[in-house]
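The following pair of complexes shares a single chain, chain A, combined with chain B in the former and chain C in the latter.
This part shows the complex of A and B:
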């Protein structure tokens, strides 16, 4: 056996490493993508009063703090015995969440994946980055920044602060929207919807331009898990769990999130800090699945907003047999359909007078367990807390989106390596393609990481005895 | 001038940037300075921060640095746009931020300086390490001297050292 190791090391938690294993026939038999999941969270949160959780959990991640904030707040609703928060509170939270998903998807497309998509995967790396996009597609890059800025403004207004606000509290929210705040968001929303629609169109063209290649690159057939709303609608904030198999047939549907432990289990591997979730009824080997935009757009029966629904139908028509779209690169397309859905939903919500209402919280009888589930930008996010009689947290369990996609990312990497690795030579295009495959999932590898102190990419080729055969070293920017 | 510190206050020495910003803000509240200061703190750099650089004639970024080879408590430098690309999917370099600025506004960003603070321990839930607390005081003194110097050339000279 020959092991090929790709070890990109970045600051704090951006540590990732790929190990490819070949057999004697040089076929890829296994791919292991190791990333350092945030550890120590239980220690961090244990003994804290439950009401601190929605604020504390935001410190887990600098990328999607609002998703953690809202998932924790939903769990806290249960702890304070509230099954239904007031309409104003729910709509403020939904607005906040749409802002979060919009800005996150905008960042991913315009900043992270558009260089791959626009320039192709074999383009020179120095060109294939955001600066390349800026030079070649100046308007696109500008729109990306301003879309992101708009999403952040929605978050600021709904949560009270630009960074790590306190908007959602147990049982509701702590502020509504003023007329001035609503008006300020309404000023730009038509432009935001237009840009979002254009981005889906662009993505569709990119996908269809190289349809066969796009459909095959890093593609794997998987089950898919997501929330769905009433009638099977696309749902990001609250709903029930639906899992569909590789052919699109329902494995389970309309399952309460409170029962997630009956549906999902987590497998542990000695070589990874990350767990491997699987559907209990199918077992470890067969039960792994994907979450995130691809799963959500495949799993839902319709989208409430007209423009996004139109795009969903075009997306689904790519698969003439009615089966799910399994192309890994279709994550990008699905993500932008959701971007459009969020923009349309924000526009719709801003016309809703409930955002200005005064009933912000509900109250109930204290309970000892709370489970909050939300569709974060990267996929389904579970927060589960238990407290003692004093309201101090005794146990916390989180399953984050990237963890759900753990096995799927390994399989996509294996597929790329199998298709593109010739012999035992690691090439620059291969490294690029492995990164492109990972990037499609938008994994959150870099909670609270910055670029300072960033380490270069190192690639090792080891033989069966563990002896280094070759090393490839990739400095940032090269 | 904008002073923008970034880092996660709940991750050990990653809190160095926000901690220094707090100190500066407290002192600035009671002191007349050569600059009109605006303060910003966030967990990490993102593309929309390009819009925060706008309408400032100078920017000071402050961040913890995980380089273990740093001999001093801090390192002061001037930044220029860079085309570096990162493996990590969400990290953004300050140099890339300048590139984004150029696109959005069609001109070069104002002079942007980086004050990198030596950090060693970045565990979730941990406070600043003892060494980081000592380093913070040194960096604070340097930063304060810097803010007494309105002349851009002085900053450039210091950054070139």
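This part shows the complex of A and C:
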């Protein structure tokens, strides 16, 4: 048996290592994607006052901190006995989260993934990056940068800072929008919607231009999990849990997030800091699934905003049998449909006078358990806290988006290696393809284990006897 | 009126004033931590160190006198202040990013004024308890800088003796005068002056963290040298 290890991976945050194992027939029998670092937020927030959690745990991530901030805040709402926060608070939070998903999706696509998609994975490393995009597609790069900037501005106005603000507090928010702030966001929103729509068109063209390759690259058939809103609408902030199987048939639907422990369990492997979640009814072997834009767009019945809904229908029409789109690279397409949904939703929300309201918080009877679930840019995010009578956290369970996709990423890596590795020698193009597969899911693995810094990648290829046959490195920033 | 100078700027003073009191009255900022105008000075934190006619002394205890030439914001004194502040930061758990006192923290603001950007000394990560026994207050002892302001407020204003420092050197710690050492069983009341005088984030009202938005916190609106009343 031959084992391949790739270390490090670039344009992905964290430090990754891939180990591939071959049998005597040189087939890939196993792929193990490991993130080397461990941070342990669940442990070190124990003993802290509960109201610190939304601000503290958002440090899990520099790309999607608002999602952690809000998932924790939703759990804190339950702790302070509030089932329904005031309309102003809910709309401010939703606005904040639309800004978050908009900026994260723009970063993920334009800054981190578009070089692969525009230039091809075999393009020279020195050129295949955001600077290359700026040189070759200056207008596109500009739009990407400004889309992200707009999302960050929404976050700054609602939470006080572009990264790691303090807007959501237990039972509500600490500020509303002033008329001047609302007007400043309204000024550019039409342009943002236009650019978002163009980006979906671009991704659609890229996908359809190489349809066969796009449909097969790193593709695996999986179940999918997401929140859905009322009537099965695409929902990012609050909803109920829906899981569909590989054929799109409902496994469960409209399940309360509070019951997540009845639906999901986590399997532990000794070789990984990341756990392996699975649907309880299907077990470890059959129950793993995917989350994130692909799951959300596949799982939902419709999108509330017209332009994004139109794009969703085109997306879904790729699969003539009505089954879910399983192409891993379709994650990017789904991501940009969501980006358009966020832009449209921000435009709609900015017309809502509740954003200027004064009722910012609600208060109820203290409870000892709180569960907050949200759709973070890369997938469903669970925050579960328990406190003692004095208000100190005694237990925390965080299941982050990347962890849900753990098994799927391993399977996609195995698929790429199986399709593209010939012989026993690791090549640069193979390494690039493995990174492209990982990046479709996630450019940021820090939350899952929870790593710091840029992510270098090491790939090892081991033979049937477990002996190292080939090793390839890629340093951070390449 | 008699005067002395701070960094060549003339400062008038009343008889009996210290250099720090006269400077504050004149709107001249001398960085300080353990001094509070409401309480007696004891010169323990050394952040207000100035050079008086070539000799270093704490401005909060040194009496003002006519003709003194006082150095305040010279590079070497600021460097010494950074050393002191740095030791305070590494000897406690001052995690500004997740501390609800951030933006309203005297220590943080003085450090910003003195341009302390990062610590070179190893962090000690002390393991001290959080006392959440009181229904309305949490005390996070990991942030205590032993300024004794709560001790003085309790004794001099509240007429109680709820707080005290015990131990010496690195083992110094704030303790509560109660049979079991817990706040809930002490004479402490939420209306005590001791509850509102902490310059860092030891005294936290329960359930209220982060209610003031970024941009509206005490030191977001004015930097520390612009605030004269404390």
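As a working rule, the second predicted complex is superposed on the first by the 436 of 478 C-alpha atoms of A that agree within 3 Å, B and C clash if a C-alpha of one lies under 4 Å from a C-alpha of the other, contacts with A are read in each partner's own complex, and residues count from 1 in each chain.
We take it that a residue touches a chain if its C-beta (ideal position, glycine included) is under 8 Å from a C-beta of that chain, and two chains touch if they have at least 3 such contacts.
All values derive from a computational prediction rather than experimental measurement.
In the superposition on chain A, A:174 contacts chain C only, with no contact to chain B.
In the superposed model, A:443 lies in contact with chain B only, and not with chain C.
When the two structures are aligned on the shared chain, A:211 is found in touch with neither chain B nor chain C.
Judged by the number of chain A residues each one touches, B leads among chain B and chain C. Shared-chain residue A:149: touches chain B; no touch with chain C. Once the two complexes are laid over each other on the shared chain, residue contacts for A:111 go to chain B alone; chain C is not touched.
When the shared chain is aligned, chain B and chain C each come close enough to touch A:59.
In the superposition on chain A, contact is made by A:165 with chain C only, not with chain B. Chain A uses residues 56, 59, 164 to touch chain B in one structure and chain C in the other.
The touching residues of chain C, when paired with chain A in their complex, are 97-98, 100, 130, 132-133, 138, 204, 206-216. On the side of chain A, the complex with chain B involves touching residues 8, 10-12, 14, 16, 38-41, 43-44, 56, 59-60, 62-63, 65, 103, 107-108, 110-112, 115, 125-126, 128-132, 134, 138, 141-142, 144-146, 148-149, 152, 162-164, 435, 438-439, 442-446, 448-454, 457, 476-477.
Residues of chain A that touch chain C in their complex: 47-49, 51-52, 54-56, 59, 80, 159-161, 164-167, 169-170, 174-175, 390-392. Chain B contributes residues 6-11, 14, 41-48, 50-51, 63-67, 81-94, 96, 99-100, 102-104, 116, 122-125 to its touches with chain A in the complex.
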